[in-house]
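Common to both upcoming complexes is chain A, partnered first by chain B, then by chain C.
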Partner chain A sequence: MDTLRENKFLQFLVLLAIFIVLCMIIPESEGNPLWRLPPLIQGLPLWIYDKVNFIMFDLWPVNVYDPDIEEYEQVPIMRQITRGLSGFVLFMIELIRELLLGGVKTIVSFTSWDWVTENQWARWPALPWTVVAGGAALLGYALSGWGLALFAGSAFTYIAVFGQWEPSMQTLSFVLIAAPVSVCLGLVFGVLAYKSRLVETILNPLLNIAQIMPHFSYLIPVVVFFGIGDHAGAIATIIFATPPMVRLTLLGLKKVPPEVTEAGLMSGCSSWQLLRRVQIPTARRDILIGVNQVIMQCLAMVVIASLIGAKGLGNYLLTALNSLRIGQALEMGICIVLIAIVLDRLSLAWANKQTDYFADQSFKERHKYLLIFLVIFAVGSVVAFIGSLIFKEGFNYFNLIPHNKGITTENFWQQAVDRMWEKFFYPLKSFNEWFIVDILIPIKNAYLGMPVAATFTLAMGTGFIVGGIRSALIVGGFLLFIALTEWWDRALITAYLMTISVLISGTIGIIIGTLCAQHPLSTRIVLGYCDTFQTFPSFIYLIPVMMLFGVTDTSVVIAIVVYASIPATRYTVEGLRSVPESLHDAGSMSGVNRLQRYLSIELPMSFPHIALGINQTVVFALSMVIIGALIGTDDLGQLILKSLSDAEGVGNGLVLGLCVAFIGLAIDQILRTWANQRKAALGMA
Partner chain B sequence: MKLKTPNSIRALMVAGCVSLLSATGIAKAADSTQPIVIPIHNWSSQIVMAYVIGGMFEKMGSNVEYVPADTQAVYESIRNGDVTISHEVWQSTFGKSFYNAMAKGGVIDAGTHSATTLEEMGVPTWVIEQDLCPGLPNWEALKDCHENFTTPDSGGKGRWLEGPQSWHGDLMPERLEALGLADKWTVKFAGGADALWTELAAAKKEGRGTIVFNWTPNFTDADGFTFIEFPPYKEGCRIADGGDGTCGSPKGWLKKAANYKFPKTHPAAYTAFSKVDFSTKQIGEMAALVDVAKMDHKDAAAKWLADNESVWMAWTK
Partner chain C sequence: MAPEQTNSNTTNKNEPVIRCESVYKIFGNSAKRMLQENNGSVDAEKFQQAGCIVGVNNASFEVYPGELLIIMGLSGSGKSTLLRCISRLTDATAGKIFIEGEDITSMSGRQLIKLRRNKMGMVFQSFALLPHKTVLENIAFPLQVKGISTRDSINRAKEMTDLVGLTGRENYFPRQLSGGQQQRVGIARSLAIEPDIWFLDEPFSALDPLIRKEMQDEFLRLQGVLSKTILFVTHDFDEALRLADRIAIMKDGVIEQLDTPANIVLNPATEYVRKFTEEVPREKVLRIDSVMDPVDPSAEVSDVKIPRDAMIESVAEAVLNANKPVSVVDGSGQVVGTVHASKVVSVLFGSRADNSKGNQATL
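Showing the complex of A and B:
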């Protein structure tokens, strides 16, 4: 009995045995609550829908004069507020967009449509692309040096030359609003959570849910509250991109050594000075990772945001995919990645730049970059003017290369896809059949064949073994919510897809991460790949994957694995690299060989990191549930997709989203507790 | 209130105000300069048509704005006034969302195109040419050819690849059941239109049989696509409407929707919009400009407007 109390592995085996027995003895029947719980909170979606409807359409109506129909209309106060907010966001986006591309709406905001229609000259001209590309290069030079200048300049030139200028700048303008807002919100909430234990306790579950909930399920509420358009896309993006920033700000601030804070206090810092001059600069490293994540998340949302009206690359990309023009979609995908990397590198360089407090500069020195920019602007404008004389057929290539009028490599990519199909389809076909018939279908049936009582026993028991009664209750609470909706079976299918994908991604991630962490160069390369694939729109590789594997669960698993391997790899690399050099040496002196050192020193030491990586893998896999639904699944994702057209879609979408989030949170609870225990055991906490 | 205005004077003032109001009303009969917001979805004919209709509005002097929107969520947006019109409301796919929004108020029916639509299960024509299911397009042929349409995950049954469940719910599984085909066929819901087109392309490459949901007018018409002929549709024959569910899809309408304020704010543009009427052939032409001739959507719309001036000029009068 004592060995059982000591040995967690043994406890788990006992639990497994109980689980299997339960599975065997509980009969499959609809009325049996041990088999499936009755859907007691079936009415919840409708209730949410009623409440949202009430708030948006009935609560506290005020009379508003509508000059267009010359009548007073009753508008609920909430709607006035949200519309006011979205109007402001939209104004900011349009402002930046029209600085880049030209237009009329900003002028309209200060005058009226009537006035603009009468005064056709009042149009804001587009900035020639040469000026924007030159400006980006200059910014890169000013912040970092020639390397970044070259990269930023050529990225923008690529975008222009390939005829993606307009959609790219539309996307850029909305990212340039969403990303800074997310960063600021993240900083503010992170600091608040750092200052107050209460805020942290309240924020934590909200952050968890916002991060794991599939973005689709809050698209509908965003549409109801804020309407459709760029502002709605930006707001959805902000909801998606802020949580990691809050997390990392809080993490960074917590890691600030007390000595540093005390030194600040002794120098007589006010609370604000302490934060601004001491703590945030000290926490810079983590905050910068947060900024990097915000930018990646913002660009990962580009395609999804286009579903609710964000203009730009996402929208064109979906259109191209819908007529199977993969080459075109790929070019746009590359533009999204380029924008992501340029923004990321520029913001990193900006944050890393040290202020030189002692420089005594003349006017010319202080403003040299502004002056250079004015020169670029003048030259670009002159070139654009010359262009207007050369190109007579309506497109001025020196000013703005119209969409799809640039160079294109579409045919090349199309042929590449065709060739890939020729080469790989038949060899992969038998693999696909084996994978579906011998792996996927049996596992799916096994999941669906679990009585609810057995599932609870297994999940809560695991929680108990790992983290005691508290974890068991938390895990049980999350599962109970799902079990009481009418979607338990769907949730089981989601869990099955997730389990397989996480197993595969985890294995791939740990192996690749381990191999690449052995050398600094390969580390940099693999982290670059991680950045690329995190922002590269997964929609694009859905089509080649479907060509090869058909509309099957194999395709879904592959699509998830491509995306979910990223965090597993990233965290493995970072975990292995955080093992102190001195431990390596200590190991070598004790005479271990390379493999032994890896297995008995590096791997256990980086286990907490890797566990968090697996945790993130689960989050990524769950967020891909929707993308899987775009291939064709019969899990929660498909219903979330469907809720877009349901009359009571708001409630359905939110409750389904919560179900997905709760699966993730249950797993998060177990993995995080385990990782923290290991950390404590290794003396790293 | 010490000062009392005699009743007659008050009446006169009211009358004056009313006439002043109506006078400005007449003076402002011209369309508002507020932009008309046209939604852009993700298939070619819809986008080209959006630019065609937008181009027509612009010629009439209106301001136009295009906004990308989800095909299902767009009706809620029209209702709220974020989007002004929708010019392609397909009966069986969007009918439900359209009527849901209409029932809540705020969306009006702005007339029907003469194009009829058909949304039905069907096969690419090579399936018939290779005789993978002798007797098609008659549905009875399905009774003994399912072996040629199996997939690894279909459990030995033939597979129908239907669109996402959001399009018509459980209609197809119910139909299989009602026609007594459920022991030989099963329905798989694809995630979206591109999944359907990918399946068509992949099946063609491999030369295997496939039954997919599709519609006409569509760009797949050009490659040859045959719809299966199910027992004809009658009012109320579907299970959801209380029927036995054995019928096929109806020849559907293609409607136009608008926000309820649109006729008041833009009377001229609304009148033109209500007259807009595309035939199946015209829609096919527009799609072909993009899908076959590989033109840009805006260029295709400009070309169509230039080539068919007599057609759309008539609507603006």
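Showing the complex of A and C:
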């Protein structure tokens, strides 16, 4: 009995035995609460829908003057607020969009459609793409140097030459609003949480949920409150991209050494100066990671936001994916990735820039970049003008290369896919069938065949073994919520897809990470790869696997595995590299060989960190499972996608989103508690 | 050794720059209530049981213009906490702290910022430089915060860089500098606004012994030029003896003794202080006039003359080499006493009990 109390592994085996016995003895029958709990909170979605409707349409009506009908009308205050907000966001997006692409909407918002129709000259001309690309290169040079200049310039040139200019600039205009707003909001909330314990306590659980809530479920309330269009897409993006920024700002500020803050105070800083000039710059590293996350999230939302009417690349990409035009999807995917990397590098360089106080600069030197830009602008305009003389019929390629009129490699990719299909049709098909029939379906059935009582025993028992009664209750609470909705079976399917993928990608990540951590050079390379691949929006991974496996669960699983291997690999490498050199030496002097050293020193020391990596893998996998709904799965994600087009979907969407989030949070609770305990035990806390 | 040691007789008549009146700092939620209930008599153990940690316990003292007061104590003795109460980086739980006659504990945020911008400078143990700013920007920071133009503040920062001997490294980032160089930046930053009061919180503790010695010399040189009123915190007794005009020794938040280095060594007030002083060589802390005899016109003296404020260590060789008693002179060259070699021998080699008794009379 004592050994059982001591040995957690033994406890877990006993738990597993109980679980299996429960699975066997509980019969499958609809009425049996041990088999499935009754859907007691079935009514919750409808209740949420009612409340949202009430807030939106009946709460606190105010009189508002409508200039169109020249009368006062009753508008609920919430609607008035969201209307104002939408108008503002839309105006900002249009402003940037028309700077880049030209148009009349900005002029209209200051005058009227009638005025614009009467005055045909009042058109804002598009900026020639040469000017934008040159400007990007110049910005890159000013902030960092030739390397970034070359990269930014060629990225924009690629976008133009491949005929993706218009959708790319639409996407860019939308990101250029969403990203800065998210960064600012994140900073504000991060600082507030840093200043006040109360705010932190309130924000913390919200951030936890927000981080794991699937992208789709944000869309539905946004549609209800803000309608459909670019502004709704931008607002959904902002809501999604802000939480990581808040979290990293708070983390960074907490890491500022107290003496640095004191030095700021003793220098006579007011609290604003202290924040702006001492604490935030000192927390810069983490805050920059936050900015990077924001940019990533914004571009990951490009496709998803297009579901609620955001124009741009996402829209076209989704169409291309749906009509299986892989080559086109790939080209647009590359555009999104390029925009992401350019924005990321530019923001990084901007934050690291320093001033030179020694040069006594003349007007020309101080404003040299502005002057160069004016030159680029002039040259670009002249070239565009010449272009209008050369290309007489229709399109002026020096000004704006229209969509799908550029170079395209689509045929090449399409042929490649076709050829691959011809060549590998039978092996791919048989692999696909084998994988689905012999692996996926049995596991899926096993999951669906679990009685709810057994699932609870296993999950809460694991929680109890790891973190005591507290963890057990938290895990149980999360599961209870899911079990009481009518979607327990769907949640099991989500869980099954996630479990398989996490197992595979965890194994791959740990193996690759271990191999690469053996040498400094390979470490650097693999971390570089992780950085780059992490910049790719998640759905990008769907493109190549669909080329190979079509619209099946196999595609989804493989896409998740590829995507979710990234954090597993990264954390393994980081964990192994952080084992102190002196421990290696101590091991070597005790006479261990390479494998022994790995198994007895490095792996145990780094495993807590690797467990956090697995935790991230779970988060990545969950988000990908849900995105997999875009190519057809039958889990929670599909239901969320459906509720998006449902007029009364807001409640469904939110509750489904919470279900997904709670799966993630339950696993997070167990893994994090365990990792923290191990870290504390190893003295690494 | 310390240049221009202030004569305590004259400074005592001036207004103190810093005056602490029964300052308490107790950490914990119920600190204020507990302190009131106990009427200011704090028993650390009893407080600890109630979840309060005693940082500073009833500290009262004064610091005079141009004086260098060292607060000495081991880690956890509350010395840094006391310093932070005086600079009001933390709020004292009870008591009053006057800076040039104004009560800092009741100052508004605005007054406090004004005071710090014009009167105070502080150096930190871990240097606490701003990692994103260059040497020059770090030094110019307090000036820029104050609203001085970039050009002026950078020019002033350049002067400060020269003063602390970092010329040529203006554009380095803190991470590119050694510990000693980083602390030079910290010192330059704290002096940039020309403060009257200079706080140093274990400024040299994070440095290697050789660099530490070098920085102490540098510090003495700067103090010789600038003569600030200084509050200096250290855990290193040798450092305290070497630099201080007066030393306050703290233990568990209580100031055990506050006196000149010589008096602390010769007359330790408590057992705790005595343990510190046991191993200290007397000749390093005693001035020659503490062992001199009154002038005796009839006695024969050698023609060697030594200044009365010299440490015994620095003149011992001269006294021992002379075969007659040596004259001690004051600043104006007036003979104020004589020293016999035997007195110096007894300081250098005599047993502890004897010479502390022998010296009590003269001090």
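Methods note: the second predicted complex is superposed on the first by the 588 of 685 C-alpha atoms of A that agree within 3 Å, B and C clash if a C-alpha of one lies under 4 Å from a C-alpha of the other, contacts with A are read in each partner's own complex, and residues count from 1 in each chain.
Definition applied: contacts are C-beta pairs under 8 Å (C-beta built on N, C-alpha and C of every residue); 3 or more make two chains touch, one makes a residue touch a chain.
All of these numbers come straight from a predicted model, not from anything done at the bench.
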Partner chain(s) touched by A:Asn322 [first = chain B, second = chain C, both, neither]: first
First (chain B), second (chain C), both or neither touched by A:Leu644: first
Which superposed partner A:Arg284 touches (first chain B, second chain C, both, neither): second
Which superposed partner A:Lys679 touches (first chain B, second chain C, both, neither): neither
Touched partner set for A:Ala263, first chain B, second chain C, both or neither: second
First, second, both or neither for A:Asp634, with chain B first and chain C second: first
First (chain B), second (chain C), both or neither touched by A:Met547: first
Touching partner for A:Arg577 - first (chain B), second (chain C), both, neither: neither
First, second, both or neither for A:Leu440, with chain B first and chain C second: first
Touch count on chain A, higher of chain B and chain C: B
Contact footprint of chain A on chain B as seen in their complex: 21, 25, 32-35, 40, 42-44, 47, 61, 63, 67-70, 72-74, 76-77, 80, 82-83, 96-97, 100, 151-153, 161, 164-166, 188-195, 197-199, 201-202, 205-206, 219, 261, 264-265, 290-291, 296-298
Chain A to chain C touching residues, read off their complex: 257, 259-260, 262-271, 273, 277-278, 281-282, 284, 354, 356-358
Chain A to chain B touching residues, read off their complex: 66, 68-70, 112-114, 116-117, 219-220, 223-224, 227-229, 306-311, 314-315, 318-319, 321-324, 402-405, 421, 425, 432-433, 436-437, 440-441, 542-543, 546-547, 550-553, 628-634, 638-639, 641-642, 644-647
List of chain C residues in touch with chain A within their complex: 84, 87, 89, 109, 113-114, 116-118, 120-122, 124-134, 136-137, 141-142, 145-146, 150, 154, 170-171, 186, 189-190, 193, 199
